[in-house]
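Each chain gets a letter, A, B and C, in the order it is written, and its residues are counted from 1.
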Amino acid sequence: MATAELVLGLLSRDPAHGYDVKRGHDAWFPDGRPLAFGQVYTTLGRLERDGLVEVVDKTSGGGPDRTVYALTDKGRKHLADWLSDPVPPAWGSADEVLRKLVAAIRTGGDAAAFLARQRASHLRRIRELRETPTEDDPTSPLVREYIVAHLDADLRWLDSALEHLSEQKETRP
Amino acid sequence: MTVLELSSVEYSYRRNAALRGVSLQVQAGEVVAVTGASGCGKSTLLHCAAGILTPDAGSVQVAGQDLATLPEDERSRLRRTKVGVVLQFGQLVPDLPLIDNVALPLLLDGHERAEAHEAALEWLKQVGVADEADAVPAELSGGQAQRAAVARALVTGPSVVLADEPTGSLDSRAGQELLEVLLRASRYRGAALVVVTHDNLVAASADREIRLRDGVIQHEVAL
Amino acid sequence: MTLETLVQLARSRTPADRSRVQLTTAALGLSGMFLLGALRIARLGDGELDTTVYSNYVAESGLRSGLIAILIILSALTAGLAVQALRLGTAARERRLAALRLAGASSRQVRQLSVTDAALAGLAGGLLAGPVYLVLSFLLGALPRMAQVLPGAELLDLLVWIPVVVVMTAAGALIGNLLHRDHLVPRAERPAQQPRTGLIAGPVMVGLGLIAARWFGYVASTVLVVGLALTFLSLTSLWIRRIGRRLSRSGDPANLLTGVRLVADARPPARMATLLACCGFLIGTLGNGAAASWTTRNIAGEPIFYLTGFGLAVIGLLLVTATGLAALIVGVADQLVDQRRQLACLTALGVDARFVRRVIRRQLTAVAAPALAMGLFLGSLFGLARVVGAPADPFRLSAVVLTVGLTAAGWLLGVLGGITAGHLLRNQTRDALDPENLRAA
């Protein structure tokens, strides 16, 4: 799961504390499952351990403790690498594609280039699947068709996303 | 070796600009998919490449020769021998049996009937409709007619085949089969294939994807 | 392209094309026959001949030259029909040519195919002309002496036939070349420019012809008829469009469809309406002339002489009228075949064959009835005497009655033609409405 990279994305604009990260995530994926508080803090802890984020402010005033995190340069690079890398097209990879796309748009990355690369990656995978003969058993062809059909559905969604982005760019130059 | 080269091609239908400066090169044996939403200019691009439309600006070179500088007869001969065209439907001459339809480019080129028929039959076998050689297009299924169109596109041994939504009028299975026929036949001839399509499963077979939007290339990626 | 390929590709085998070629062949065959007849009479020389052997029309040198002229005009008229016939099925033919172009044919090759197609029809027509001429000369030989306007066929005709075949083939090729249109991609039809020149030049020529008829005889008559044709041509195309537009605004769906079809393809009906109007005009003048010679009875010679002349001329013109109507009907049939997909869509909307027949009837009636009535009205009003430049009588009551009668008859004939067409085309209508057509791309 790419929760770690999403957290990096959420921190990429401004330093924020855990609660802001959670709220930011839920705003990015309003129809998705909300991020659990526990997961936010364990993720931030792990990122801090790996040197991808750092604590920039710690207040313990009248209210609860608030720890403000910010991206380190290493973290910023990690995020950029993640965003430029297409998701290996596999079963159930669409969630990941969506995460990256949202993160790319929200953090001001080159979403169109990402989509183009993702398209190419999906198309390549379809060709690979088509070129390797299936096993001679009753279910392999079915599984193959299932995967190809889902990749095709992803591709159609990628197409419309690309179209959507271009239209937005035209209306808001 | 470059078999097809378009340089800054522009084309407008009345006031609608369909192509606004598109350049592309196709190498021998390469498979290129041209994709994009409806109305992005992809079919116009193909028609310009095939010499069906004459660009308003820019140039089209087939096998190193600029179409615009050739006299009409030479241009037709070049189109006939160096370029094969497969459209979505309606490209077969309605009253001619398949074998004559496939032999047509050879016949127009002045070949003897027997010789042309022999070559045509060979290609009909290659694409799997040899049994229908004497049928007229109206008696065929859409898939069979498209196969015959593939045979006709390849019968003269072109260096590039241009296909405009070749599977567009077929269901997914027949489309898949046709695509395989088209790829196999082009590969067998060593011809480059440029296929205009909105079908991702067709595009997946290409070596390169060129995506058009509003008459310009939006992106180009190797697959 | 080898000659074999050329001939093979030129001969289209679609049913629409076959009927088009058959009609063209028949028209050119008739044209060739008239030409053979004209040449046969011309071989008689220019002296007076024995009126006990030959019909007066052949024997008297003055009438003979007139007869030759008439035969040549008929030959040209039927060749004109061939032009019309060859135009049929334009949309389907253009699709075929576009398919050939896609297969790599150059525009010159496509032109060669069009020309060869028409030339072959000409060749067949020329070959047909011989036997038809033979049959006609036998048939006429069986008639009373006065009606034997063709002297019997002779061996020399066989020799003359060869150049006639050549001429008809050349005529076919010429027509094919003139009519050839070539677009790789079908272009949107350019709206026909309004024929204003015809509207001015036509009546001027009519006036000139009428005035000059007294001194210049046949030359002036020809000018008048040509002027009339020009006027009719420019008037009909205007008015067919206008009727079409008015009908297409109508609330009645049958009228609406009729109007749309008239506006969409106004040129062929305009040409046919012109032909019908001209025939109507000539029949009107002849009717007027016959009536005049009947009532006054003060002309020299046997009445049988005049009646034969008028009779033959009217029969000839009626033949041309019938052919014109036939061409109009074939044109509509052709439109039906061409639009079968759209019509089949109508079936899905619950339109039945009877409705479409009504549309066809209206479409034909709207063109043919006014044209015929107008031609007959003007013809019988002017009268033969004015047209050929003889001193004309003042209008008599009988002439007015005749004019009204003939006009009504012309209208009726037009309506009848429409009804006949609806009946004749019932199979085509049914076929066109067949939902099966929705399958054909």
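Note that contacts are C-beta pairs under 8 Å (C-beta built on N, C-alpha and C of every residue); 3 or more make two chains touch, one makes a residue touch a chain.
Because the structure is a prediction, the values reported are computed rather than measured.
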| item | value |
| --- | --- |
| Chain contact topology (line, ring, star, complete or other) | line |
| Centre-most chain [mean C-alpha coordinates] | B |
| Two chains sharing the most contacts, counting C-beta pairs only | B-C |
| Chain B and chain C: spacing of chain centres that average the CA atoms, whole Å | 45 |
| Chain A and chain C, separation of their C-alpha mean positions in angstrom | 77 |
| Gap in Å, rounded to a whole number, between the CA centres of chain B and chain A | 40 |
| Where chain C touches two or more other chains at once, by residue number | none |
| Footprint of chain C on chain B - complex, ascending | 47, 52-53, 72-73, 75-77, 79-81, 85, 87, 89-96, 100-101, 104-105, 107-113, 138, 152, 156, 169 |
| Chain B-facing residues of chain C, complex | 1-2, 4-5, 8-9, 12-14, 17, 95-96, 99-100, 102-109, 184-185, 440-441 |
| Chain A - residues contacting chain B, complex | 112-113, 116-117, 119-120, 122-124, 126-127, 130, 148, 152, 155-156, 159, 162-163, 166 |
| Residue numbers on chain B that touch chain A, as the complex places them | 37, 200-201, 203-206, 209, 211, 213, 218-219, 221-223 |
